[in-house]
Amino acid sequence: MSALLELAGVSRAFGGLRALSSVDLAVQRGEVVGLIGPNGAGKTTLVNVVTGVHRATSGRVRFDGEDVTRLRPYQAARRGIARTFQIVQPFSAMTVLENVTAAALFGGAARSIAEARAQAREQLAFVGLEQAADRRAGALTLAMRKRLELAKGLAMRPKLLLLDEVNAGLNAVEMDAALALIRGIAARGVTIVIIEHLMKVVLSLCSRIVVLHHGELIAAGKPSEIVKDARVVQAYLGRRYAEAQPAHG
Amino acid sequence: MAEPLLAVSGLRAGYGDVQVLWGVDFAVHPGEIACLVGSNGAGKTTLLRALSGLLPPSEGSIRFAGGELAGASPERVLGAGIAHVPEGRRLFAAMSVRDNLLMGAYLRRDGAAALARDLERIYEVFPILAERRAQDAGTLSGGEQQMCAVARGLMSAPRLLLIDELSLGLAPAVVDQLSDALRALNREGLTLLVVEQDVATALELARDCHVMDSGRITRSAPSEALRNDPAIREAYLGVI
Amino acid sequence: QDTIRVGAPLPMTGPLSPEAVKQQRGYNLWAETANAAGGVKVGAKRMKVEIVYVDYQSNTPRAVQAAEKLITQDKVSFLFSPFGSGATKAASGVSEKYGVPTLAATASSAQVYDQGYKYLFGTFTPNDTLTEPLSDIVRKAAPGVHRVAILARNDLFPLAIAQEMEKSAKKRGMSVVYFEKYAIGTLDHASALTQIKAQAPHWIFATGYTNDLVLMRKQMADLKLEAPVITMIAAPAYQEWIDATGKLSENVTSAAWWHPAVRYKGKDLFGSTESFVKRFQAKYKTLPDYAEASAAAAGAILQMAIEKAGTIDPAKVRNALASFNETTFWGPVKFGPTGQIVSLEPPVFQIQGGKPTVIHPAAIRQGELRLGVK
Amino acid sequence: MKRDALRAVAMFVLIALLPLAGDSYWLRLGTTMLMYGVLAISWNFIGGMAGYPSFASAAFFGLGAYAGAVAQKLGAPMGFAWALAGAAALVFAAALGVALLRLRGHYFAIASLVVAEVLRELVNAATDLTGGGMGLNLPIPRLASIEGQAMFFFYAMLALAALAFAAMLAAMHSRLGFGLRCIQQNESAADMLGVNTTLYKVAAFMLSGVFVGVAGAIYASWVHYIEPPDVFDVLYSVKAIVMVLIGGAGSVFGPLFGAALFLSLEELVWRNYLQVHTGVLGLLIVLLVLFLPKGLISLRRRTA
Amino acid sequence: MLVLQVLANGLILGGLYACIAAGFSLVWGVLNIINILHGSFIVLGGYLAFFAYSIAGIHPFASILIAAPLFFALGYALQAGLINRMIAAPVLLTLSLTFGLDLMLANGMLVAFSADFRKIILDPPLGVLSVGPLVVPVDRLTAMILALALTGLLYLLLARSRIGRAIVAVRMDREAAALMGVNVKRIYAVTFGLGSLMAGASGALLAMIFPISPLVGPAYLGKAFVICVLGGLGSVPGAMIGGLALGVVESFGALWLGPEYAVPLSFTLLILVLIVRPSGLLGKRGYE
């Protein structure tokens, strides 16, 4: 079976800065892949290229057997790619419910507004936001907004979900709940790419981790291998983390 | 114990009809690093906004270095020596990194030489910013932006620095760097109040810790004590 | 009812408002003079006149609306047209619809009158009555003048008269080396003038409103564009144009339908031209220009027609106007079959020593055409 | 939605009774009011729902007026000419929308503002077809009495306003309206959710053009004389916005209330303050903005 | 030759245009206010210069020195007293506000000054400068140089001074600027004051070149719109380049296509520029 998402030699430059340089990456169906790397490594840029926000300067992106390199964001969304934003982007003057309804209506399979609303309620219940359904999205706290992003993503019935730091800003206990949530999503058969700086999240969820640095893939492999990789430790984890690691694991 | 640098009592504030802070009391002592933890929506951000004058409190007092700051404008608060690194960073996106840092020093009037010296010092602490000094802040990566935001806060040469969500979105190595940098600054006399979700990191960094719940400070204690408190462990540290 | 109500839609705000002021002066002077004399004689009784003004904001359809409002709401018996050929043409449909005799004081273009309307009468002769004598004079005084450049504002009257000028020039064997329109609101004429200069014309003929021609005259001087004859229509007839261009106004020629130097013995309430000018000066401390005089003349003519008809019945007054044949301070007045005046010989004049000096017709000539405008 | 529709029907029936009460002057006012209503409702599609501050109303209006007038001049019957004007505005809006709606915010506002100016000058220059600066006279319909004509145009405008209103009501409760609201809030997020933003925006722009185009054509037939500076007057664009703001942006009845109120103010002031009427109107606008920034609709909410 | 003269004409006109637009662009970019009053302020500045010259004999170049502080104060007061109340409102509301104010001001000027066109006639006139075959009117040239100098000063103020940086910061993020200790309302008032100052000063310069009347405000406003979009909102160098470009394009448009097409040409150009570069020529740091 071919990979769900395939990047071949993808580069993206901003002026003189190469935010991504010939990245090759394949994500298999049903996988939960972690994407880590220092700040500014190009992780968000990669998500933007896959979803059509930025167009690859060179290279190709294939999704589900089709070339999606030149698609516009809404087209990517309709083919089954959903994402969350690192800097959350709700429709702040709309209610939480309406936000998710929009996702179900335009990105999902809902045929009418009423149907979309029903689906949205389901997703809100799933992420635990049903209490907040009628609040203005702009008045939510950061963590709630991140859950809202998740609900929006899910309402689109995606094949691939790109999570850009959805767990940032959660404390450990809240995070445990979030992890359970993401596991539940994966269990539905959704392929997931997680970008996160919280190693706890990445390590506990991902079957495979890829590491970006200066726009290049510097390592890929099982979590246990990655945390010991000298280059990853040097560029990303820091010595202290590496030292603390044995005690942890 | 010395006089507190910041003493908050009975502070109430909210947004329109929504009251968020229901009488907050706590104190921060000079020269310490204090941290503020609490679950999502507890009102931590709201508290910092009230402290820095962005959100006028409806009641209560904020005493800072002997003066009363409740109801003061952000300008006066900053002038008195409290700088605030806001949630979401809020950099000036189309300004260069350097200009952002200079904006941090907007109220300072101690001369160009002092400014230049502080700028150099900042670049030492955050070398990546030196590299990107001419780049527009809006195009920095998330972590770079956070560093720039902290650095900008420092440029006002504050006595007390408030940081909302210190480690949010930062690579582990950077969190270490930042913590080291803050400790160094703290040793030089800077007082810090940090909101941090990673309670383990927070407890490690801070001397005193304040736990916030539903718009009130429910507990204030030395970090040491909290770390070993089973209730706190269960509520905020969790288990993997 | 013992007053005669006359409606006057005017562009009191908007770009045409200076014109509205002039119209208003003329109408007011007529109404005051008539009322001071006891009013208009209608059969056996005397009726005072009252002018009902409505501002149409220099917006033509608003003028139509204003005319309709005046007729249906304010119940006026007669109408003075809105300003200019365009708005007059538009509003004449309304007065025709309601059968209200209407006097147009500022409409000259033939297109206004050839719609077959019966209730519209105008005090301006057709445009070619200005360009024809002008061309004759220039031809005679300066046989060497044969290259003509025309620059016209793209607007009903200025464009129409420019087209007449083109015809008049060609008729006399002159060649039109430049003919362009400029858009309303143009802030800069340098390019057009530079191009004209490159053509080295002998005669520059420019049309537009006061501000256009102030700017254009100034820019001609800036570009050192000179010619034996420079004609501008119609601004030089206005004192404010002369004031605003100062020395640059010298030797610019123009033509208009009337000039305070003409001399007619009128049978209207003002009597002779001289006594009209005197009254006007007494009230407004300045010489009347053709627009102001035309407005007063419209009132005077209406008054005579009413007095002749002996009633304010619209159809009867309309007939009195159609068969009107009298001399007024404005000149001999007789309306042609379309309603436009046919009996006037408009004067041609030139600014000499900062003052308009009549150079045609011969009967009232004050000076000779001088060549060379710098 | 049902309740709004019922109320709207009641309201339009009430307006339809106006000719019983008034004379031709009132009829003229009523027609103008309905025309303003069409302008305001139409602006609401692009400005209120999609959040794009369009100043293109004047362009659509002028285009429709000239399309209708020229068609009639060339011999087309009036009704056909009106339909043609609507079609012209629709096509023009589609083409223009594809080009302009890539711009955001202020830039879009200006570009749309400038379109009317360009059209005006083009119409001005095309003297043979449009009469240019000399304006264009339309045949005065000799079909009926003066009152009959006034009545006819009143009901024509009423029908158009009702149509525009129905379209707005339908759009607001449809997928289109939902998508437009998403675009208004955050366009890139909407895009990311699968909203075909270009398509939706262009659709909104077309809706905001077509009724105005027909209104322009009806207007031309009604006043039977048009000229470029009048029908392409930028004030049509500005007034449409001010009316929606006065009424309350984003609400169903706001645009209509706004149109009625604005026209009443304009008319009252125009009649009563000859020298200073524009100034007084300005003052009223300033006061409204300062004290009722959310529009008249907010009054009802406040008292409720 | 002809081309050179037209180029010179265009550049000189463009310099004046730049000055018209700079203040408008600033207010728009920073305060997010489309200041409809700008055109009327220019006219008012023109009247100031006109009366200063005709009554007191003050040369228009000198009357800039009077116009500048006066208009700054006027703008400052207007913003501080009135517009600041609406500052967080959507752009269309503030637009309506300035639209209403403009109706009042224009009407007021009409009552006060009447609609007559007036023009400053310098006595003695400044004459023209002949450079080879080129002729350049000295008054226009000087006005353009002064206009560009003013615009340049504004640029320096924004780029170099502390208050300039505060203005830019407020433009980008109001709340963050407040956190830096910037008094946002005062910066707003200062910015509006600066915009008004530029309007008044350019009006004083223009009164020497163009006939003024209360009715010409919209024409200037239209130019300002076009220029500031051409150059990119809020960017002073953008206004400068946009102004010069517009002047040159209009001049050549009039030469090659006929004066009738000068204005539509410039507008068409504007739309094209926008389609190709949606944030203006220099719009990289533009507002949106």
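Going by the order they are written in, the chains are A, B, C, D and E; count residues from 1 in each one.
Criterion: contacts are C-beta pairs under 8 Å (C-beta built on N, C-alpha and C of every residue); 3 or more make two chains touch, one makes a residue touch a chain.
Remember, it's a predicted structure, so these values are computed and weren't measured experimentally.
The chains that touch both chain A and chain B are none; no such chain exists.
Ranked by how far their CA centres sit from the centre of chain E, the chains are topped by A.
Placing every chain at the mean of its C-alpha atoms, the farthest one from chain D is found to be B. Rounded to whole angstrom, the centroid-to-centroid distance between chain D and chain E, based on C-alpha atoms, equals 31 Å.
Centre-to-centre separation of chain B and chain D, using mean CA positions: 52 Å.
Distance from the chain A centre to the chain E centre is 48 Å, each centre being the mean of its Cα atoms.
Centroid to centroid, with C-alpha atoms defining each point, chain C and chain D lie 37 Å apart.
The residues of chain C that reach two or more other chains are 13, 154, 181, 183, listed in rising order. Looking at chain E, residues 107, 260-261, 263-264 sit in touch with two or more other chains. The complete set of chain-chain contacts reads A-B, A-D, B-E, C-D, C-E, D-E. Per the touch definition, chain A reaches chain B in the complex via residues 14, 36-41, 44, 86-87, 139, 141-144, 165, 168-176, 197-200, 204, 235-238, 240-241. Chain E makes touch with chain C in their complex at residues 2, 5-6, 9-10, 13, 107, 110, 114-119, 121, 123, 128, 130, 135, 137, 139-140, 209-211, 213, 215-216, 219, 223, 247, 250-255, 258-264. Across the complex, chain B is touched by residues 162, 165-166, 168-169, 172-173, 175-183, 284-285 of chain E. In the complex of the two chains, the chain D residues touching chain E come out as 47, 53, 99-100, 102-107, 109-111, 113-115, 117-118, 121-122, 124-125, 238, 241-242, 245, 249, 275-279, 281-286, 289-290, 293.
In the complex of the two chains, the chain D residues touching chain A come out as 173-175, 178-179, 181-182, 185-186, 188-197.
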